[in-house]
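Several structures are given next for inspection.
After this come two complexes, each holding chain A, first together with chain B and then together with chain C.
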Partner chain A sequence: MSRITKEYRVILKTLASDDPIVNPYRGIIRSLNPIDETDLSRWEAKIYGPSHTPYENYQFHILIDVPSSYPMTPPRINFEQNDILHCNVKSATGEICLDILKPEDWTPVWDLLHCVHAVWRLLREPVCDSPLDVDMGNIIRCADESAYQGIVKYFLAERERSRYH
Partner chain B sequence: MEECPICLEIDQEYKQFGRLEVCRHQFHLNCIREWHKYSIDLKCPICRIESNYLEVGEGQHAVSINLRMGFMIKSAIEYVEAVTTDAGNEQDEEQQEQEIDIISEMFQDRVVMNSINMIECGICGDTNGSQPNLYCQECEAIYHETCLRGLAYEVGECSTWHECADCRSNELLELHMGANDGQVASYDSRNCMIFAGEVRDKHSVKTQQIYERIRNVKQQIQVHVRRALDQYPLPLLRFRDAYKNVNKQVSRELYRLSDNKYLPTKFDYDSLARTGVHTELLLYCHVEET
Partner chain C sequence: MVDELHNRLLHQGNGTKDAILYKIIESLVCSICHDYMFVPMMTPCGHNYCYGCLNTWFASNTQKELACPQCRSDITTIPALNTTLQQYLSFILDKLSSENDESFKKLLTTKIREETDYKLDKEKDTLFEKVFKNSALAVADDSDDGITRCSNCHWELDPDEVEDGNVCPHCNARIRNYAGGRDEFDEEEYSEGELDEIRESMRRRREDQFTSTDPFANRDDISSEEDSSSEEEPMREHIPQGRWASSHNRSIAVDAVDDEEDEEELEEDEEDMDSDLKDFIEDDEDDEDEDGSRRNLILSALNNRQVIITDDEEDEGREHTTDEEEHDSDFYEHNDEGFASGDSLDEDRKEAIQVQSSSDSEDRSISYPSSSDVKDKDEPDTEDFDDLQPRRQKRFRVVLGESDDE
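This part shows the complex of A and B:
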């Protein structure tokens, strides 16, 4: 059985559980599943915005490509286009800048749950030293908390509005 | 029951586990070696502590595989390929030439080796004088015992470590190079030979004497083998190959038995030759049939 098939089993079991020891991802990962059951190379995930951040009460949609060389090479992980405003994400494409997803930092003992969890942590702890979105990086660097909160909340409110109109 | 953190399989029966030397984390041998084709360093996938050796097996069968070996070669090959693919760029040409010089310098000792046989391990290429200690009589390759063991483990044929990695002959002799630790040992195959585990000048009087003595012993022993062979009816020996092969095998066995000396008082060469020829012929016919 291939590694990704094994992982799929573990993911189903983990996310279905209410026990916080079995499922430490409660309140973090809402869902993680292949887009098409017969093709384990394309996955999608929904994560909750971390509390005490402007992302709180919103959900975010992540797309995952699992290459055939996985787990020797990292999965390719993106947000959906125009889904989020964050200093380490290029909003228009959804591209994420996260060290553990780069081939030189990746290790094959990590799995998809780890990766999605790491993306969630990135929402809580933005890394403004290596921003993909320079403007957002500068706002955080200025330590202008209210401006940061305001602009993210505005973006997300607009996102919801455009979805339902 | 432990699972391999890379493939998540528990299988212990068909797949060997290996332990990283420093942090003792365990992985399937295949999985961690596959990872090293992708990784940029030899750090543990779990704890990022670097290990240069991977330990396989327990107790007296334990083998330590040198992970550094070949690891840099991969990047050197990639590097050479990368350099050749952008060969079109004229500006960089001078720089490239310098870089290629550095690469050929890295492998310089390999180039020199074409004319002179180095006492180097056929697996790791180490030319440290005293260490490589097994010598293949068939193809003249020299190996470290540890390298042969490691290789056998890696290809999953643990029981074949005492075969030459190149020609698969199991006629490996121990090689004693004396205590010239740290020196690079070499010999010129035009003038030297390896006999009884030592390098000898082909033209020295002593070597000539050894040659002469061995030639005599061989002739004397072969008389017995031929006699035994001639007792078989001609049709059975219709193949010249069969005759030659059986002769060679049996004679060799007898040389070895009497340690390259002719000792007619100690051994009954005639009956030994007869049984030897008999078994060899049976074997040979069997091989021919299949």
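This part shows the complex of A and C:
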């Protein structure tokens, strides 16, 4: 049995549990599942915006490609296009700049749950030294917290508006 | 007292026994394939993986030093079969065996297959596809200011050259430990214990790196004081600064931990520091770049030593080392003994080997100078640069002699 199959079983069990010891991802990962049950190479996840950040009360959609060489090589993880505004995400494509997902920093002991959790943590702790969105990176670098919050909140409000109208 | 735990276990309820058993079985699962380790191999850092998984991991990252997937520490020696874990699993399988169960049979087939794979490789002496035989280690040469050299051919490993590929530029051997270049890791992925471990190894790396990148920079310090403790001092000084510089990239929480540690180290170094100044530094520790360099200035002023790498001038620092390389190769080129310089490696090498073989027997007798010899020689080196040349020359010929044996 391949590793991703084993992971799938664990993920089902973990995320279904209400016990915080079994499921430490409560309030972090809403769902993580293959898009098509018969194809374990394409996954999607929904994460909650971390509290005390402008992303709070919003949900974000993550797309995951699991290569055949996984877990020796990292999964490819992106946000949905135009889903989020963040200094380490290229909004238009959803590309994420996260070190542990780069081949040179990846190690096979991480699994999909770890990866999605790491993306969630990136929302909480943006890294302005390696920005994909230079403008957002500069705002953080200037320590202009309110500007950052304002822009993100505006973007997310617009996102919701365009979705439901 | 040997029976203490045995007896206690007998009097425990089923819940505790189950928890213990579950934990034991869990420790038999490989963190790479998430399956039972029928052939558990233990790395020098104490983590266990299937033989097959570890083999695939080493092969899948040919561009990098061999590192433990769990703690990222260098794997410099070949992992050993962990027979204790292997016996646990065999024992458990034995006790739980049920011949009619299909999935259990599968387990047994896998066990036999993996054990045979290992046995065959071991008999053929091709464990881990010989990666531990065909690769080399980066070794800090203590008799030569700690310059990092390839353990295979003794070529000097320049972090800038080795950075992409982690392969010895001379003999092409894969370097299985860190030889400079990349020094970043995600601190938040580790527990506190592991983090300390990594910090320790990073500290050691920085020492290596520092001594290997600018061997001339600290020559002043070494020449003035002979004993080994004084040689270490400038290194210690650099470490906190390097970490300080890199800590800007990290989250605030981690910064705080880092800086605290730095502060401790600094205080050790600057015990005679004026208390006013100390306060001044500590107050400013949250501020960024500007204060980092200011702090460095203060340190250098206090110690009356040359501090090269500061936050703002990291790039300059790098240029500085490049200058020195040029300087190095220049001075090899001017040497009529046929030196192989880094720049004109191919042409010079043939020549060098010829020269070397003609005077082979003579060179063989020249061994590496003992550390005390070096210190004696180091002293005049700084004052009289010409004295340095013959010493370098000799060593270089010996190096080529050894590589020629291959």
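One rule holds in what follows: the second predicted complex is superposed on the first by the 165 of 165 C-alpha atoms of A that agree within 3 Å, B and C clash if a C-alpha of one lies under 4 Å from a C-alpha of the other, contacts with A are read in each partner's own complex, and residues count from 1 in each chain.
Criterion: a residue touches a chain if its C-beta (ideal position, glycine included) is under 8 Å from a C-beta of that chain, and two chains touch if they have at least 3 such contacts.
All values derive from a computational prediction rather than experimental measurement.
Enquirer: With everything superposed onto chain A, say whether chain B and chain C fit together or clash.
Expert: Clash - chain B and chain C, as placed by superposing on chain A, overlap.
Enquirer: Quick one: classify A:D129 as touching chain B (first), chain C (second), both or neither.
Expert: A:D129 contacts chain C only, not chain B.
Enquirer: In the overlaid three-chain picture, which partner chain does A:M72 touch, first (chain B) or second (chain C), both, or neither?
Expert: Both partners, chain B and chain C.
Enquirer: Touch test for A:V109: chain B only (first), chain C only (second), both, or neither?
Expert: both
Enquirer: Which partner does A:E80 contact after superposing on A: first (chain B), second (chain C), both, neither?
Expert: neither
Enquirer: Who does A:E158 touch here: chain B (first), chain C (second), both, or neither?
Expert: neither
Enquirer: Would you sort A:D99 into first (chain B), second (chain C), both or neither based on which partner it touches?
Expert: Once the two structures are laid over each other on A, A:D99 reaches chain C alone.
Enquirer: Counting touched residues of chain A, say whether chain B or chain C comes out ahead.
Expert: C
Enquirer: Regarding the shared-chain residue A:D36, is it in contact with chain B (first), chain C (second), both, or neither?
Expert: Touch status of A:D36: no partner.
Enquirer: On chain A, which stretch or stretches are contacted by chain B in one complex as well as by chain C in the other?
Expert: Shared contact residues on chain A: 1, 3, 6-7, 10, 69, 71-73, 104, 107-109.
Enquirer: Note which residues of chain C are touching chain A in the complex, please.
Expert: Spelled out, the residues of chain C in touch with chain A are 31-35, 53, 56-57, 60-61, 63-64, 67, 69-70, 72, 182, 184-186, 188-189, 248-249, 251.
Enquirer: Residue numbers of chain A touching chain C in their complex, please.
Expert: 1, 3, 6-7, 10, 69, 71-73, 99-100, 104-105, 107-109, 111, 118, 121, 125, 127, 129
Enquirer: Note which residues of chain B are touching chain A in the complex, please.
Expert: On the chain B side, the touching residues are 5-9, 31, 34-35, 37-40, 45-46, 48.
Enquirer: Taking the complex as given, what residues does chain A use to touch chain B?
Expert: 1, 3, 6-7, 10, 69, 71-73, 103-104, 107-109
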